[in-house]
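These are the structures, in structure tokens.
What follows is chain A paired twice: with chain B in the first complex and chain C in the second.
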Partner chain A sequence: MLGRTLREVSAALKQGQITPTELCQKCLSLIKKTKFLNAYITVSEEVALKQAEESEKRYKNGQSLGDLDGIPIAVKDNFSTSGIETTCASNMLKGYIPPYNATVVQKLLDQGALLMGKTNLDEFAMGSGSTDGVFGPVKNPWSYSKQYREKRKQNPHSENEDSDWLITGGSSGGSAAAVSAFTCYAALGSDTGGSTRNPAAHCGLVGFKPSYGLVSRHGLIPLVNSMDVPGILTRCVDDAAIVLGALAGPDPRDSTTVHDPINKPFMLPSLADVSKLCIGIPKEYLVPELSSEVQSLWSKAADLFESEGAKVIEVSLPHTSYSIVCYHVLCTSEVASNMARFDGLQYGHRCDIDVSTEAMYAATRREGFNDVVRGRILSGNFFLLKENYENYFVKAQKVRRLIANDFINAFNSGVDVLLTPTTLSEAVPYLEFIKEDNRTRSAQDDIFTQAVNMAGLPAVSIPVALSNQGLPIGLQFIGRAFCDQQLLTVAKWFEKQVQFPVIQLQELMDDCSAVLENEKLASVSLKQ
Partner chain B sequence: MWSRLVWLGLRAPLGGRQGFTSKADPQGSGRITAEVIEHLERLALVDFGSREAVARLEKAIAFADRLRAVDTDGVEPMESVLEDRCLYLRSDNVVEGNCADELLQNSHRVVEEYFVAPPGTCCPEWFNR
Partner chain C sequence: MAAPMLRWGCRGRRWAFARVDGGSCHRRGAPTGSTSNRIRGESSVAQQPLHTAQKTRKGEHKWAAVVGLEIHAQISSNSKLFSGSQVRFSAPPNSLVSFFDASLPGTLPVLNRRCVEAAVMTGLALNCHINKKSLFDRKHYFYADLPAGYQITQQRLPIAVNGSLIYGVCAGKKQSQVIPKTVRIKQIQLEQDSGKSLHDNLRSQTLIDLNRAEGQLRVDANISVHHPGEPLGVRTEVKNLNSIRFLAKAIDYEIQRQINELENGGEILNETRSFHHKLGCTMSMRDKEGKQDYRFMPEPNLPPLVLYDATSLPAGADPQQVINIDQIRETLPELPSVTREKLVQQYGMLLEHSFTLLNEVGLLEFFQNVIKETRAEPKKVTSWVLNTFLGYLKQQNLAVSESPVTPSALAELLDLLDSRTISSSAAKQVFEELWKREGKTPGQIVSEKQLELMQDQGALEQLCHSVMEAHPQVVMDVKNRNPRAINKLIGLVRKATQSRADPVMIKELLEKKLSL
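Our next item is the complex of A and B:
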């Protein structure tokens, strides 16, 4: 049951094959078993069980709220949840209990979803590995998959099995690990520079970033106001569309949401006429650092579309090489501003110093923030200094327009959807990842994803195939602004063609009742 | 010019730190003088904490300097991707609020309905240098 799609489980709930409470308990038990992944910061067991109880009553009375009623979901810990600790994986907000729900959380709860818990992330969503939060790094479930371990056995490693575990990618790594390990059916992430798509690619999931303005940011603790978007992580495109259907729409509490009528609900047509499509391949995305495996899959994907009659053309996004630099300047500048609210006075951590207001603020912030956050605040403040403002911040804003225009030009040339890699390679081991600092890693890992945030476009990462090491590789589709439905339709077709394998985590699922899809559980022991 | 200060340990507790060397880093632009450091720390109310942090900032600036190569003549800065749309204004009616108690709950120091801050705003010893 835990391996099913959202729609299948919803049908099972409606037919009474399983109750919300049973489902909830299964997920809670699996969360406990997978605690070593460190995907969750807070597990809201009592809340979830209570919600399950209420959902059960509704199903008994034939009054289910919809496809999400009774479905376990997880939420990244930078979304405010009323009565449940929200930390952003930072000392600054340890113990902080918001008095309200983020709009997206509220919408999910209004649909009857069960909140399993708050997931781990990089501190304040700054990072591309989910390794820099105060609660420790998140481990990629694929480190423990049969697919990866079997490949590893072929290459002898003298180290202890667990010391070579892989990162999930970030910063929504906890959400990705939670969905990938079957502890929930969908999870909310946030996406500012690729923070939903990056871990999705590394964990073999669908990671969807909606158009900026489609989904409310109210309650999402902001990083970069002009680029942040709540993201959706699921195991298939259809599930992502269901969740998007619940979340999309204007919010009077978020003035950056758009009030145009949107085609709701997001019912995706199951057969797209591929021959009418035009796929664009941005040539500047073929960088030397791209792994040969990813490049080969990218090429095969393009061929696949072509073989089905679609037009596949090369396009140019000339300012691509500057987009990561531009992102870096704009991001740190907005961060410098957004982090100014954390002063210890109204909420969050407060130091013991009482000498003066500024001393109190300074000490609070020193104790509350880690090096990464402080580094970005300082960089941002540098770029915003009077003498630097024009040359850095305003310059970056101008380059942003050029980058956004690049995309507009590409789409105006008849392209419906762009196809690019999501990441440079598959997930790397943690010990490898930490050899470089956060800023360097982010600059490397966000290379294909952040331009989309600057242009405010919708994008989705789809898992395509396993690498030679048995690890997931994803590809990214980018759509026109507010054409999220079209984007997901193309993605759904593609997903069906590639048939990405299910992760085999038998050691965790020794419970006979957990059948993954139609697969019978292998009774083979994987112990060495 | 700027005096040489000695950095005494990475994680010195507040009050024990005395400053740090800020020689021009060969990789960086050398623009991060002691004055700039002090100015940034004052504005950000966040301290560098170590020489490595200064070096990281210099690298970040060098990275950002790449933007100079882009020709942006005649290009308007872009503040928001939704710049072509009208801002939606809701009607000016009070629909919620009156939640002072809830908001005060999250503060460490509260007196009646006030958040309590330490006295004064400016103090030369605020970083205990």
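Our next item is the complex of A and C:
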């Protein structure tokens, strides 16, 4: 049951094959068993069980709220949850309990979803590994998969298995690990430069970043307001569409959400024919750093579309190479501004120093933020100084417009969706990853994902195949603004063609069987 | 200058923020310290102030001052500019604070429609160009009563620009003549208010009220001095002036201070100063090391504010989702300049009287109500309302709405005067009685106090006769053509009638008796 997709388990709930409480308890047990993954910062067991109880009553009375009623979900710990600690994986917000729910959280709860907990991330979502949070790094469930372990056994150089675990990617790594390890059926991430799509690719999941303005940001603790979008992590495209259907729509509390009615619910047709489609392949995305395996899968995917009758053309996004540096200026500037409210006065961490308000601010912020956050605040404030504003911020805004125009030009040339890699390679071991600093890593890892945020376009990472090492590789589809449904429809077709294998965590479960509290659960097949 | 802003800026949480530029001042270099030297210059271009024709003493340079005002006025609205929290004067501290007002992480600003409409209306009233597209910016600084660490304002592209306001300046020997002046408005911007800090120095604590500040008007004055024809001087900013009187005092002081400083070889620092109202001087605030850099940045959570007019309004637009400038223009009340012009034309009133009538809240309405109910000449009504009535109010520091005398009572009083039932001195007496709030009508007072003019000619003739007999010397003087003597006789007769006789009538009778 745990290995099923959201749609499948939703059907099972409707047919009474399982009750929401049973489902909730199974997920809670698995959360405990996979605690070492560090996917969750807070497990909201009591809340989830109470929600399950209510859901169960609704099912008994034939008053189900829909596809999400009784479905366990997880939420990245940078979405405000009423009465549940929300930390952003930072000392600064340890102990902060918001008095309100983010709009997206409220919408999921209104649909009857069960909130299992708050997931781990890089501090304030600044990172691409989910390694830089105050609660420690998130471990990629694929590190413990049968697929990966078997390949490693064949490799004579592999040693010290325990310390060779892989990163999830980030910054929504906790959400990705939570869905990938079957502790929930869908999770919310946030996506500012690729933070949902990157861990989705590394964890073999569907990672969807909706169009900017389609889903409310109210209650999402911001990284970069003009680029942040709540992201969706699921096991298949249809599941992402169901969650999007629950979340999309204007919010009076977020003035950047659009009012134009969008077809709801997001039911995705099954494409029988792709011959009317035009797929664009951006030539600038073929970078030297791209691993040969990813490159080969990318071209195979293009071939697949072509062989099925789609038109596949090369397109140019000429300003792509400026995108990382442009992002650096805009991101750090907004970060400097957004982080100004964390001053220790009203909520979160406050230092012991009280000689003056200024001294208190300084010490609180030094203690509360990690090096990455402090570094970005420093750069951002530099770019916003009166003497630098024109040369950095304004220029970066102009470049941003050029990057957005690149996409518009490509779509105007007749392209329906763009096909690109999501990441340079498969997930790397933690020890490998931390050889480079956060800034270098973020700059490398966001390379294919982050321009999309500048342009506000919808994009989705779809798991394609396993690498030679037995690790997932994802490819990204980018759509026209507010053509999220069309994008997901194409992604669904592609998903069906590639038949990505399910993660086999049997071995993980067996390894853990000694500590299993519920022996029965250990025998649950995680295969579909 | 700020009167229209004041007028509607009486309640509400948020500041409509008007930068009033110009108002150049000129004065001689002599450090007299007297305010009478100060002339509010016509605000042409601030950079090119008008030159006064004042003569300078030998060896002295002429100084010109440039003054720009930032006027913060609260918008009268039910809820705050960016949140749904209520606005209520003197509510308990922190009782009207939404999650957004407290800057809880993840909260977003939502613009209040009423505040935008008020800003547009202010812009129209001040002859501004209304920007159909305006933007919001963040202004950053750390302060305990600014919980987000930034303030949302309109720095780059404000809602209204390039306006003007005509106001009057008193001049002439008795300061009774009003000269109309024009001040240019640089921009009007919508701005979030900060909170209020209460410093408890004893316990070295600061208490913060996020209901936001409760002043109706707050002005920051930017002041510099320079020699005409030379580049502008370095400016200082005097912050948080909360009355027109202190504003004027602070500007006078600061201009003089800068001139003295420069003439003594010193220099002016670009700094923030505060006005000490007891000592009457400005002092450096010294709270910021060096120049504050506010690190302005576009507010990413508010899309550009787009306004429409009749020509640009999209077809089928939801009226709840759009703001139509032309529609707001239609709801604009008659502006003071138009009202003043009408008063001058309709009642033959002096321009300065029209200014006075409009400058006092409620006075114009009072005047018009009296006019409606009385037969007396408008000039008479004007004189009574502006001299007697306003004089009494000022003396007791009362607002028009607090007046003990109603328009009807004054109208009745003026009717009695007009019909020559009472003399004008008796009328003053009646007015004084009315002011006591004893609930009597002018008619009642007149009959109780027997203030009617003596209409009985025989009795009056008798009185004249007695007075002449009692004062033979004065009668002699009259006969000897002393022009003043007749007045003395008239006075004596009036006194005998307890001022109830019409002096004109007395004079006629006396002249007849003396066969003049």
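FYI, the second predicted complex is superposed on the first by the 503 of 528 C-alpha atoms of A that agree within 3 Å, B and C clash if a C-alpha of one lies under 4 Å from a C-alpha of the other, contacts with A are read in each partner's own complex, and residues count from 1 in each chain.
We take it that a residue touches a chain if its C-beta (ideal position, glycine included) is under 8 Å from a C-beta of that chain, and two chains touch if they have at least 3 such contacts.
Quick caveat, the model's predicted, so the values are computed rather than measured.
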Comparison of chain B and chain C by chain A residues contacted: B
Which superposed partner A:118 touches (first chain B, second chain C, both, neither): neither
First (chain B), second (chain C), both or neither touched by A:252: both
Contacts of A:329 with chain B and chain C, given as first, second, both or neither: first
Which of chain B and chain C A:441 touches, first, second, both or neither: neither
Touching partner for A:99 - first (chain B), second (chain C), both, neither: both
Contacts of A:386 with chain B and chain C, given as first, second, both or neither: second
Partner chain in contact with A:219 - chain B first, chain C second, else both or neither: second
Which of chain B and chain C A:80 touches, first, second, both or neither: second
Chain B versus chain C as contact partner of A:202, first or second or both or neither: neither
On chain A, the residue positions that both chain B and chain C contact, one per complex: 96, 99, 226, 252, 255-256, 259, 336, 340, 343, 345-347, 357-358, 361, 381, 385
Contact footprint of chain A on chain C as seen in their complex: 99, 102-111, 138, 140, 142, 144, 147-150, 206, 208, 293, 295-297, 300-303, 321
Chain A - residues contacting chain C, complex: 79-80, 86, 88, 93, 96, 98-100, 102, 217-222, 224-226, 252-256, 259, 333-334, 336-337, 339-343, 345-347, 357-358, 361, 381, 384-386, 389, 393
Residue ranges of chain B in contact with chain A within the complex: 14, 36, 39-41, 43-49, 53, 56-57, 59-61, 63-64, 66-70, 72, 75-82, 85, 87-88, 90, 99, 102-103, 105-109, 115, 117-123, 125-127
Contact set on chain A toward chain B in their complex: 96-97, 99, 212-213, 226, 250, 252, 255-259, 319, 322, 325-326, 328-329, 332, 336, 340, 343-348, 350, 353-363, 365-366, 369, 371, 374-375, 377-383, 385, 391-392, 394-402, 404, 437, 439, 443, 454-456, 481
